[in-house]
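Two complexes, one shared chain (subunit A), two partners (subunit B, subunit C).
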Partner chain A sequence: MSINKLKFIIAISISSVFVFITTSAGQVEAPDRSTTFRIGGHYTALNDYYKKAGEFYLGQEDPFPEFGIDLFSSNNSGNLIFSGDYFDKKNMFGRLKFSTSDNVKGSVSYRSFFRNHGTDLLENLVVRETTNPDANTPGGKMVTHEDTAAEADYGYTRHEIDSNIEFKIPLDEKHALKLMAAHRLIIHKGTEQKLAIMHCSSCHIKSQQVDVDRETNNISLDAQTKFDEIELGYGIDYSHFDSDVKIPEVFYDTVQHPVNGGALEEFDSRTNYGGEDVSFDREPEIEKISHRVNLKIPAGKGYLAGAFIASSVKNKWNNLQAKSNGGLLKYNVRFSSKVRLIANLRINRIKNDEVLIDMPLWREGLLGGGQDLDYTRYSNLTRTVLAGDANLKYRLNRYNNLSLQIGYERVQRDDYPDYNFKNKTSKIYSELKFKYRLSKSSTLRAKYRFTNIDNPFTIFNQLLEARGNGTTSPLPDNSAVYYFQRDDLRYGNAANQPALKHHLDLSVDFKPIKRLSLNGGVKYTLEQNGDLDTFDYERTTLTPNLSFNLAGGPRWSFFGGGSLLKQTANAPAAFAMFDG
Partner chain B sequence: MVNKIKFINFLSYFFLPLFFMAMALFCLSPPLKATSEDTDYVGDETCLMCHEKYEESFSKTVHARANIAGRAPAVSCESCHGPGSKHTDSGEPADIFNPEKADSYEQANTCNVCHGKLKASFGFSHMDAAGGCNDCHIVHSESDNLLRKQGSELCFSCHADTRALFAMPSHHPVLENRIQCYDCHQVHGGGAKFASLNTERELCLTCHVDKQGPFVFEHDPVNEDCSICHNPHGSVADNLLIQAEPFLCMSCHPLHFHTSIAGVVGEFSAPMHPERGGISTRDGFKQAMLTKCTQCHTTIHGSDLPAQSISGPGALTR
Partner chain C sequence: MANATVGGPKHYGSLYTTTKYTTDVKIINGSFMIVPANKLAVTISGNYSISEADFDPVEMPELSDSLQQVIDEEIAANNYDYSQMHAYSDLSYKRLDGSFKLNYKFSDRLNWSGEVIYLKFTDDNGYVYGNETGSLYIIRSGLEFSL
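Moving on to the complex of A and B:
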């Protein structure tokens, strides 16, 4: 989408709102208006290589002005609120909210910002093997790089237009039908650094500057109505993504021995392509549609709410599809003025298409070759999820309350890590939370959450390698094996997901005087996984923080605070030794 | 397994006593005061005789407009504060209901008389942790949505540690005021806009649709949960990664087998491509293979295109 088209949409949207308001609003009395201007600025001083640190430009090395305006207009027919900020042509914000009566309201907003992508200088990618370190003898393996746009500044501007409108159509004196429509358009426009690797002549990484022109459209339509205590609603969401740039291409080297240029047949028999232009990093067109039905009915001293969601997402480039059907049930009951129970149940089924990966035979026609490497790609997204929790809330008085939550979640993956493996993750958690007034000016909040996960998500058989060279070699009287055969000899499982998790959150609010509040707290999380067959994983996170808020008056306040994050994690450094 | 038993013991020793201690504290706390019912409505004019400062400011609020021309349920002072005759007679603040001094549940009960939609989310965590509607809204205010502060600054009044995360080198542009907390979080509970929330990753994919797939070649954690690799608030590592590369990748994968190769020392050029080359070092392969995995595995979120090698088409290098 061109920027002109974007401007056109914004202009039409805003004009439509104004026309709508002026034609539908009966001018009965003079409007009440107020206008506020804001002027400010930002300045950020950066040293050394700043391209990543300045991910979002804000006064980087140069003062960065900011202008803002707030308009408010209201009369007995409705109101109009406009709020806008202008930084520069890549960074701005504007929002128009309106309501013409109690029956119609809506808003249109536009915002943009520039994201600096940073540049990978690729300087680490230069080396050649030595077959004899003592004699410094060069070998055949090497890594090189090439940047075809070394001076480029990468980044894109993100534009977003968000519009929504709500109509309330009276059905009779007591009942109404509410219709809501929303649309969101997100555009990314700029340039990105794209890397392509070719590795069958010399391991060579080539960098290119590629245009970015992505467009995402989200549309949502909802209808809701209420008959006495029964609420019923239906909604549909549509989402579409596409990229409007030419798919990047790169010339892949002719596959050959990196030193003498020979063994063409050998290298060719191991690769899918070479000696030709090949497209890479293609962003497929994606379409998603979801239907939602929700119902809420009174049940005893509470209510029962249910929802059914069916969605499907499709990669339109290759027609791959993932379908999902799910239901939610919520029971909210008040046993007394002090005790309330909220229980949730969720069931969800996702089915992702399987794909047959059809590959040429490995080293076809050569000695020890001819292996068929075709396989079916099953997906860990294909799963059934069952989750439920109950939250009991106890409130003794207006200052002190306590809640206890217990929950269970089971994720059953049909085909992970391989067909019909039925990998299952079960999670049980409990949480105790309370708010307690220590004195008239201070309140303590505390939360402790314990989670026990049986069989957390793990990428299987990635680490360590069993002995097996002597029995698996495809070559007669030879111990050499291929990399894909060595992959099959791996047995170790590793993960950064915990099997046990403790989370503690403590905070104290202190209000020595009416306009000053102080807050101090600490969060501590300990995550452990002792169930792996390779190592014990552990991650700890400690976050103390202190802040104050001085509300000097209705129009100004002063806030300050500090927070420290300390996180430690362990993981193995498992080397797969080259050629054994 | 030993660790598991150890921690279950820890749970028993820590969690249950804490629970009983908390229960004891509650039982010792004073009970809720009963509200007086022997009072009657007096009308706005009577209230404004003393509280004249609200006459102008309240008239600009959405609540005041709801009172005009007989539309909607009429909102007057006593709609929220309850009947005021006793307070008018005595002048005592204690003789009228003041939502600002009430607890979260009482406030919610008052507000939900009209804002019944929020009843559906009653019991969400903000209701327990915060002081109630008044912690974020000022009913007499002229501000947009009656908020105490606009945008994410309001959230940071309590969530100071999250504010600190947004100051990390890689972050979503919240402090820059380009996106807001409510773009992802529903402060009143419920699901996010445009997200069906059938999996944990749906929320992220409402904006990052290009990462959604389904792809021919998948990276399993991408299907599982974005937070396995990313911290959405902020991180010291690029691209919101919870750890820098290659350490994050090494949490699940071994180091690349080329890492252990020794490099030649000195200048070199590739024999078949003389224009390619540079200065090699003994540790050159460690630098190349142990710095950033995504320099080669570029399509880490998934790809429809096979890698160059027949034996490893799903290496996510293309």
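Moving on to the complex of A and C:
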């Protein structure tokens, strides 16, 4: 669907709403009405760097008028509510809600705000080698940066228009068909900073200002009905994202020896781009379609609910596509007034297209060169997910309850770390949760969750490099060793995912006097992974919190709170030592 | 671990250790509302946070004497120095969002409200965006009337 068609649909939808409102208003007799106007203004003063403190403010020291209006109209056949506020030219809000009897209701809203973006000064990207550290003699290899728009003031305005309408169509005296349609339009307009990194590695970083003009459309249509105790529904979602700006271009440096500027042919034959204008950071045009079917039926003392979701997302620029098919099953049964079981089963299959990376021949035309380095990049997203859990809830009495949950999840990644390797992560977890009334004025809530993960997501054989002055895969007719051949000598696994996780959550509500309520709690999480061949990963997270609410009666109230977060994690630091 | 088979640039393996990264966030917030006179309401509210994050110093293990000697002789110009590395990602921010609001009710149909909003961000270390310390205040005033 083209954007113009979408705009047409939006325009028709909004027009229909206003026609409906006008028509309805004309039929109103002695309605209940109220109108409130607001008028005023504001002035902003800025000090130093305002973009972080006022990230979501316009950042102009001009005075701005403010105005707003609330309208309410209601009678026996329905009601109409409008609310709108203007803060400044890039920050405003309006919403129109309407309903007629029980059969039609809907709303249209608009919201905009400005977001300031800082400028990456690139000042950390300045390095130059020294050929003699004692004499501080500069060498020729260096990292440099260049900002082509150093005075740029980055930021964009976000506009969002939401529309939805719901019709209730009676099928007979007892049953009805509910039809729902919704549309959301999100637009970003402004400017942003983009970086191009060039040369043989990342030795020259060039910054430039580019426009932002992004548009996202989401449309959903739903039909739901209920026949006695059977519920049936179908929905379709459509999303489209596109950017309507010129693709940025940058002149990629001529590839040459970093010190003496020579060996043009040698260096040029090892890189993809050099001495030419190159498009970069192109934004994709994305289209996504999803279908949903859901069914809920009675089953014994409970009900069984299921859903099937099929979706596909496509980058229309290069025709790459990801498809997902999944099903959910939920069984909710009440064994007695005190005991309930909720069980869930979920399966999902995702297939993401592989990409052929088409490279120019390595050192084409040079002695020992001409290697074809094309390869296929398979996606880690291609996977099968199987998950299930059961939650048994026991209500001890009016104030106290207890629940026990156990669950299992398995993720099988078809092509990770390499094609058809079928890397698999399995997770088993259990959770005990209870609520206990300590006294008439205090209640304790506690939760403990234990998770054991077999083979958590890991980056294999990349962390370290073995000692040695060569390669395991020499090139024919070539005794030199190039950086890409050093990959063979890499080893060591790294991960920041736990194999074992403990999570504890405690909180107490306390009401010492009628007008004062207190809440305090603490959460603690310990995550560990001792399965790596390089280091033992550990992360701890501690978050205590305390809050109070003091209601002094009709004339005053006071509430406040505080929280802390302390997280500590270890991480590897590894450097390849080499002369190059 | 693979073994190299032919000559090439001089590589001496990886120097390797682990270090810790700590994130520390403290937040307090509150709101006080009082009606000192029948037609006047005063609301004071605020939120203050201190956020810090840093690495422990990177302390590499001692190399064997023979490897250290080779490195000193052949690639000493690379000057492996990690003493300042942990400070590269030090972050330290403070943020205050405060508001003082008055509301005066002239009648059931007419209200006046005035508000001062103060926002202050303090950047103690600076990062790639430079020092982001700054503040702004907004003075608002308006009338609301109902029909």
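What to note about this one:
Keep this in mind: the second predicted complex is superposed on the first by the 476 of 580 C-alpha atoms of A that agree within 3 Å, B and C clash if a C-alpha of one lies under 4 Å from a C-alpha of the other, contacts with A are read in each partner's own complex, and residues count from 1 in each chain.
What we mean here is this: contacts are C-beta pairs under 8 Å (C-beta built on N, C-alpha and C of every residue); 3 or more make two chains touch, one makes a residue touch a chain.
What you see is a predicted model, and the numbers here were worked out from it, not measured in a lab.
Using the contact criterion defined above for the overlaid structures, shared-chain residue A:480 touches subunit C, although it does not reach subunit B.
Residue contacts after overlaying the shared chain place A:557 against subunit B and subunit C alike.
When the two structures are aligned on the shared chain, A:566 is found in touch with subunit C, with no touch to subunit B.
Set against each other, subunit B and subunit C touch different numbers of residues in subunit A, with B touching more. Contact with neither subunit B nor subunit C is seen for A:329 once the two complexes are overlaid on the shared chain.
In the overlay built on the shared chain, the residue A:130 is in contact with subunit B and with subunit C. In the superposed pair of complexes, A:149 makes contact with neither subunit B nor subunit C.
In the superposition on chain A, A:69 makes contact with neither subunit B nor subunit C.
When the two structures are aligned on the shared chain, A:489 is found in touch with subunit C, with no touch to subunit B. Contacts of A:118 after superposition: both subunit B and subunit C are touched. Touched by subunit B in one complex and by subunit C in the other are residues 34, 52-53, 118, 120, 122, 124, 129-130, 133, 463-464, 554, 557, 559, 561-563, 565, 569, 571-578 of subunit A. Those residues of subunit A lying in contact with subunit C across their complex are 34-54, 57, 59, 66, 118-124, 129-133, 463-472, 474, 479-481, 485-486, 488-489, 491-492, 534-535, 554-580. Only residues 1-36, 55, 58, 60, 71, 74-80, 82, 85, 88, 95, 113, 119-121, 123, 128-147 of subunit C touch subunit A when the two sit together in their complex.
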